[in-house]
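See structure below.
Naming follows writing order (A, B, C and D), and every chain is counted from residue 1.
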Amino acid sequence: MVETISSLDDKQLQGMMKMMGGSGKKKELPPIEGDFYHLGDEALKDEDRELQLKVRAFLEKEVKPIVNHYWNKAEFPFEIIPKLAELNICGLTYKGYGCPGKSNLMEGILAMEMARIDTSISTFFGVQSGLAMGSIYLCGSEEQKQQWLPLMQQFKIIGAFGLTEPEVGSAAAGGLTTTCKKINGKWVLNGQKKWIGNATFADILIIWARDEDSGEVKGFIVKKDNPGFAVEKMQDKMALRIVQNGMITLTNCEVEEADRLQNANSFKDTAKVLQMTRAGVAWQAVGCARGAYENALDYTRNRKQFGKPIASFQLIQNHLVEMLSNLTAMQTLCFRLSQLQDQGLLKDEHASLAKVFCSLRTRDVVSKAREVMGGNGILLEYNVARFVADAEAIYSYEGTKEINTLIVGRAITGFSAFV
Amino acid sequence: MVETISSLDDKQLQGMMKMMGGSGKKKELPPIEGDFYHLGDEALKDEDRELQLKVRAFLEKEVKPIVNHYWNKAEFPFEIIPKLAELNICGLTYKGYGCPGKSNLMEGILAMEMARIDTSISTFFGVQSGLAMGSIYLCGSEEQKQQWLPLMQQFKIIGAFGLTEPEVGSAAAGGLTTTCKKINGKWVLNGQKKWIGNATFADILIIWARDEDSGEVKGFIVKKDNPGFAVEKMQDKMALRIVQNGMITLTNCEVEEADRLQNANSFKDTAKVLQMTRAGVAWQAVGCARGAYENALDYTRNRKQFGKPIASFQLIQNHLVEMLSNLTAMQTLCFRLSQLQDQGLLKDEHASLAKVFCSLRTRDVVSKAREVMGGNGILLEYNVARFVADAEAIYSYEGTKEINTLIVGRAITGFSAFV
Amino acid sequence: MVETISSLDDKQLQGMMKMMGGSGKKKELPPIEGDFYHLGDEALKDEDRELQLKVRAFLEKEVKPIVNHYWNKAEFPFEIIPKLAELNICGLTYKGYGCPGKSNLMEGILAMEMARIDTSISTFFGVQSGLAMGSIYLCGSEEQKQQWLPLMQQFKIIGAFGLTEPEVGSAAAGGLTTTCKKINGKWVLNGQKKWIGNATFADILIIWARDEDSGEVKGFIVKKDNPGFAVEKMQDKMALRIVQNGMITLTNCEVEEADRLQNANSFKDTAKVLQMTRAGVAWQAVGCARGAYENALDYTRNRKQFGKPIASFQLIQNHLVEMLSNLTAMQTLCFRLSQLQDQGLLKDEHASLAKVFCSLRTRDVVSKAREVMGGNGILLEYNVARFVADAEAIYSYEGTKEINTLIVGRAITGFSAFV
Amino acid sequence: MVETISSLDDKQLQGMMKMMGGSGKKKELPPIEGDFYHLGDEALKDEDRELQLKVRAFLEKEVKPIVNHYWNKAEFPFEIIPKLAELNICGLTYKGYGCPGKSNLMEGILAMEMARIDTSISTFFGVQSGLAMGSIYLCGSEEQKQQWLPLMQQFKIIGAFGLTEPEVGSAAAGGLTTTCKKINGKWVLNGQKKWIGNATFADILIIWARDEDSGEVKGFIVKKDNPGFAVEKMQDKMALRIVQNGMITLTNCEVEEADRLQNANSFKDTAKVLQMTRAGVAWQAVGCARGAYENALDYTRNRKQFGKPIASFQLIQNHLVEMLSNLTAMQTLCFRLSQLQDQGLLKDEHASLAKVFCSLRTRDVVSKAREVMGGNGILLEYNVARFVADAEAIYSYEGTKEINTLIVGRAITGFSAFV
């Protein structure tokens, strides 16, 4: 029962924490496998550690058993949405509007926990809690926040974030072609949006469009039943198959001024949303790597060849240690990144560096995880194949490696090399 | 129509060859994209070049348009089997029994061509032509060859090759647990075989089992309607989804002495079959890399960002050139490998080295191919995602990197490090 | 003048700190180039930050200008020893005996600072402060500590650490062949030691030898004028050319019981010294990478090709960002490692993981640093070539990658794969 | 005696060939270690194989024993020049003028043989035989060829090739700043040339300069005693220390029209020389990798740890096999490249691809070779450290990886991305 888990009382949670390696008599406990440098059990406050373990327990129990099935069918497990809501972790860092007001570090940790079980679910959550709610939190009026955030925090309203277009990928700043124009007091939107996560079932969609008059990018809250709005599910993905990406077509889609994000005045405001969430993508990469590593380690300790566990062979240990060293480096890097964010020191280039490093290293880790499993590594049931595929999506979304490299490159050299 | 293609007359073929960059006024023609060092148009005999182009034309026309659909559904396109038969390339290197008696080099080239369009189809073909027919060709009696090879060459009988077991992967030599025992003049087989390609629809299956009396490994031709034989399709693969792998269970499966491979007396004979086909796996890796490279190159010349084709950016060219250099190195390596095979100089360690090198480099190539496509790289329709997934299967089958490394390592150091 | 620098008063130091990016009005200052995530200016206490900057200023002024000359000649710059002494950082973490009693984190930071200017000098310091003094601090009697540590802390006595032997490298635990035997109340030592840093000019050498009677490893303080002691300088190194490595021969070398380390009873005690210092080697790798990166970044901003600074090309920015991401990951990893050490949580496998990761990534960083400099990268004067060579030494000393991998591998799998 | 070696009669050579694994009863002989795919003993004509073995024997006997000494001192072993002359391999591919008129393939093979023993000597030879003689062979008048080539072929005249300038590296085409101007019937040269190999002792130097009047690049034969010519030895290199690179200053250096290369009319002619020699640089990389691999393999079979040869450990075999696979791929790639050159099909992009691939892979190979030697790998005496350093020079000379990448990139995409 999800009720049982999300409402464990303190005593119960502490018991679980002892069992899983947290707090209490800290120094005697063995490290949790994928947390080699004790960032969870030693570096978090006790209440944060408890929340981490509560979310982990939920994921292990409710999500892990069903994801391979849905991934294979490329469908979404709607039954987990109310259970996610009960965890009360949506909009984690926002203050007010029913949100918990916790640290960015904690949000990163939870993104890792989710991706450790399934990167698609983590992405679904990130779209709702980060991109969609974040757009309203950062760019909406007080009235808009009051209207939407509490409902979204409870998953009673599902949101999506429509920025990317068929011909405009990571270079969104310059080239949005979706337009808006104010006609007779209403905004009329036209254009296409591609890759929009959650779009096939979202209740509201944050749509970014260029004002034909001012040339500036503006944001709109578009409702799913708007007659000018149409969405088609994108088919035949080889990664993040649980995430429902939509191709959206806006045809003279009319939106009230009251549903225009009142504080989104140019692409700079869109960029604020992206900056806030980019650290989360780095943490997702960490989770993806961690999930693959832990499953692979487990496999190698049990699978036998030549009469002994393959974990006892030098070549296998070499792979495991390379995985773990990359994983641990990612964890310490993201931990510091979130500290910078919580201190108000985060710049675009910090997050981009983490995105570049983590998505690159994660590709390595999942690849080695699959390798140590031999042929079994391509079967979903062994819980590594899915991570291998999903790592490719992480690698390219929220800014390809190339775009993030050029963001950092500009910051450190002083020269822009985008074109 | 496949008829039209597989029966082009010489003049038509020469026209096509001119168009595609072969023979004739050789030196003025531009290189075909994925053959940067002119191994096809300059280093092959004209009749071999013609065959290469004929097979390529067939694949482009008949196979390419349908593979994404079947791959996504994890089903096999049975309609291509009669068309493949018409090409008359099955059992390519065997002499007699209706087989063409061509070189190993040519067989390698064709394996590359098939994998360039789809690695699953190439694998289906390799199981039929190499592993199944090869077992009979190398280990069967004259009578067995007469009985089976001509029919298999025409795909009137489909074969499979049952060696791998649930707990025995690349280390097959030592640990086969499937048993055979001669009882009352018949052989009785018991055990399980996993990963057996084509098994769900094969007419006959070459099954390798250990004789309970002598301890030696023997080979058997098991027919699909044998009451002691059962096969279950393996589900939920993330790679080579078109290949139908079966989990076979043999329960007191009775086989006549006449269906025992008469010249398979120990695992050494099984190993001869594997050695003969391993070079083909290296060539498949080349084809997989080539297909991904060519599709990615094409994409980058057309996709625009910041107002110009992405192929004009340094970072993209860097990826393309790394891909092409690896691809070209693989091609020259495999070309030499096949020459060694045709000269009778091939040893296990030569083929293992090529398998290690090519499957490793191919992983790199397909990964970069996907990367230059950004998010679109994870959609099957762009014809790279499938190669990314399939490269993982190539990487691990017919000997993992670890096993092949230790085969070469033993040859060069004189020390066995398997355990 | 070194006096001026090492005796700056607080106000002066604070001025320098402002200039170099530390403390005070922290958030407005630009990041120091090689500290992208602000670990120096934000995460250290002010007094530690001051010490870091003081040591850096000393190194920039006194060491940097002379190291290429000495490296090229393979000689040691003895003139810097008294200046190093004035910094009062030797034996940094020890309590008492004239030592500062600071944190392991601070020791790591300073190891990075030294290696950032020259890895040889950092190694000289590490041998004196870590291995030699550390052996006495951890394994000596109170009397021995009183006798040697204060003098060594002031560099009035120079020490060396003799463990490695010609045929016994990273596998020291099992195979020491140098022997000791108590004869007539004196210890008699015989054997050879190779690679011993500082050995050609050290006043005392900690020699580890196996007791012929008990079989246990014991430690001895051998003085340079002992008639049974001979040392020969090792010639023709391509890395760490400033470090004077000696080949030591002990021929019936007699040592008093009073000069046997009283608390070194087995190899486990030797191992304690190695564990304490291994984190420092990881930090040295960070420094080596940082020095190379900062020099390369500087070069690319000034060197022009095709009429503009090469730092403005995508391919160069790609290299710089890969360097910086690896460097930043190493820094956060080592930072956490030192925190674990200061919390008393450090295990061998934590330090080994950092050694593996950092020495591997450093090789990458220095290699790219040299690459962006083209041909000039092989000239010592551009201050990267030396780091390229020295990174090879770091890679292999204090445990090769293989040995450290197997240490971690054993910890995570539970299986020992050394033999 | 070099006489003995370079004048072995046919029968003696055949004996040696049998011993070393060539011709004769080919198929029974074991592979020479670094020629795993039998490109020497199976793919060469007998007379070419004999020449290969003769040159190898010379190098093993006359060059190998002395190179570490000279490398360490950064001096040139002039005593080998007359012995090299006796081999009669200088100007190997040229027809007439006392040159042997052999294939480009053979020239590549010999470049590999030389670099296998010492890359500096190979570079010395390449400057003389390729760049300097090649400039005259391709761009000189018949009279100039008659005057210089026979003497240079005999090493009675030593040449150098002056193209690179202090501020103009791999981008030579666009930016030469050294000027020439015809004044009173004589050419007057001004400017600086950097990195010029052999320059400190060359008798003549091919100097490339831009005509102040026409703007075109012209070539000149400048004699060492020309009063306007000055050269200074470049100091403190960490690679190719035997090669004597000069910094040349031309100050109103007067050259007769008769010493202007009569057929060098623009940079296109300079480029012809570079194209002809670039394949040789790829072969040098192969030799460098081969030398390192063979020495490392030998070491691992003899060095013991934990009581057995380290070649018997999985982790060491893994390194050896990765080295060998890269080495073998390079060999087959360059073999094909030379075939293209001999067929008249070579284009710049073919040679650039090989340069990129081989210099990158060689870096990997030498790095692993050093790694398997642990600390001993940094001592020159073990014959790998020198290759590690020299690989860095190969990596950057005759076009950095970046420049060669963009040459290939332009060819395959149709877009120039240099600026």
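Miscellaneous remarks
One rule holds for everything that comes next: a residue touches a chain if its C-beta (ideal position, glycine included) is under 8 Å from a C-beta of that chain, and two chains touch if they have at least 3 such contacts.
Quantities reported herein were computed from a predicted structural model and do not represent experimental measurements.
Among the other chains, the CA centroid farthest from that of subunit A is the one of D.
One simple way to say how far apart two chains are is to compare their mean CA positions; for subunit A and subunit C this gives 40 Å.
Note on chain placement: the centre of subunit B and the centre of subunit C lie 52 Å apart, centres being C-alpha means. Residue positions of subunit C touching 2 or more other chains: 313-315, 318, 405. Judged by the touch criterion defined above, the protein chains are all mutually in contact, each touching every other. Every residue of subunit D that touches subunit B in the complex is listed here, in rising order: 27, 33, 36-39, 42-43, 297, 300-301, 309, 311-314, 317-318, 320-322, 324-326, 328-330, 332-333, 335-337, 339-340, 343-345, 349-350, 353, 356-357, 360, 405-406, 408-410, 412-417. Residues of subunit D that touch subunit C in their complex: 68, 72, 164, 167-171, 174-175, 195, 234, 236-240, 304-308, 313, 315-316, 363, 367, 370-371, 374-375, 377-381, 385-386, 388-389, 392-393, 395-397, 400-402, 405, 418-419. Interface residues of subunit D facing subunit A in the complex, by the touch rule stated above, are 313-315, 318.
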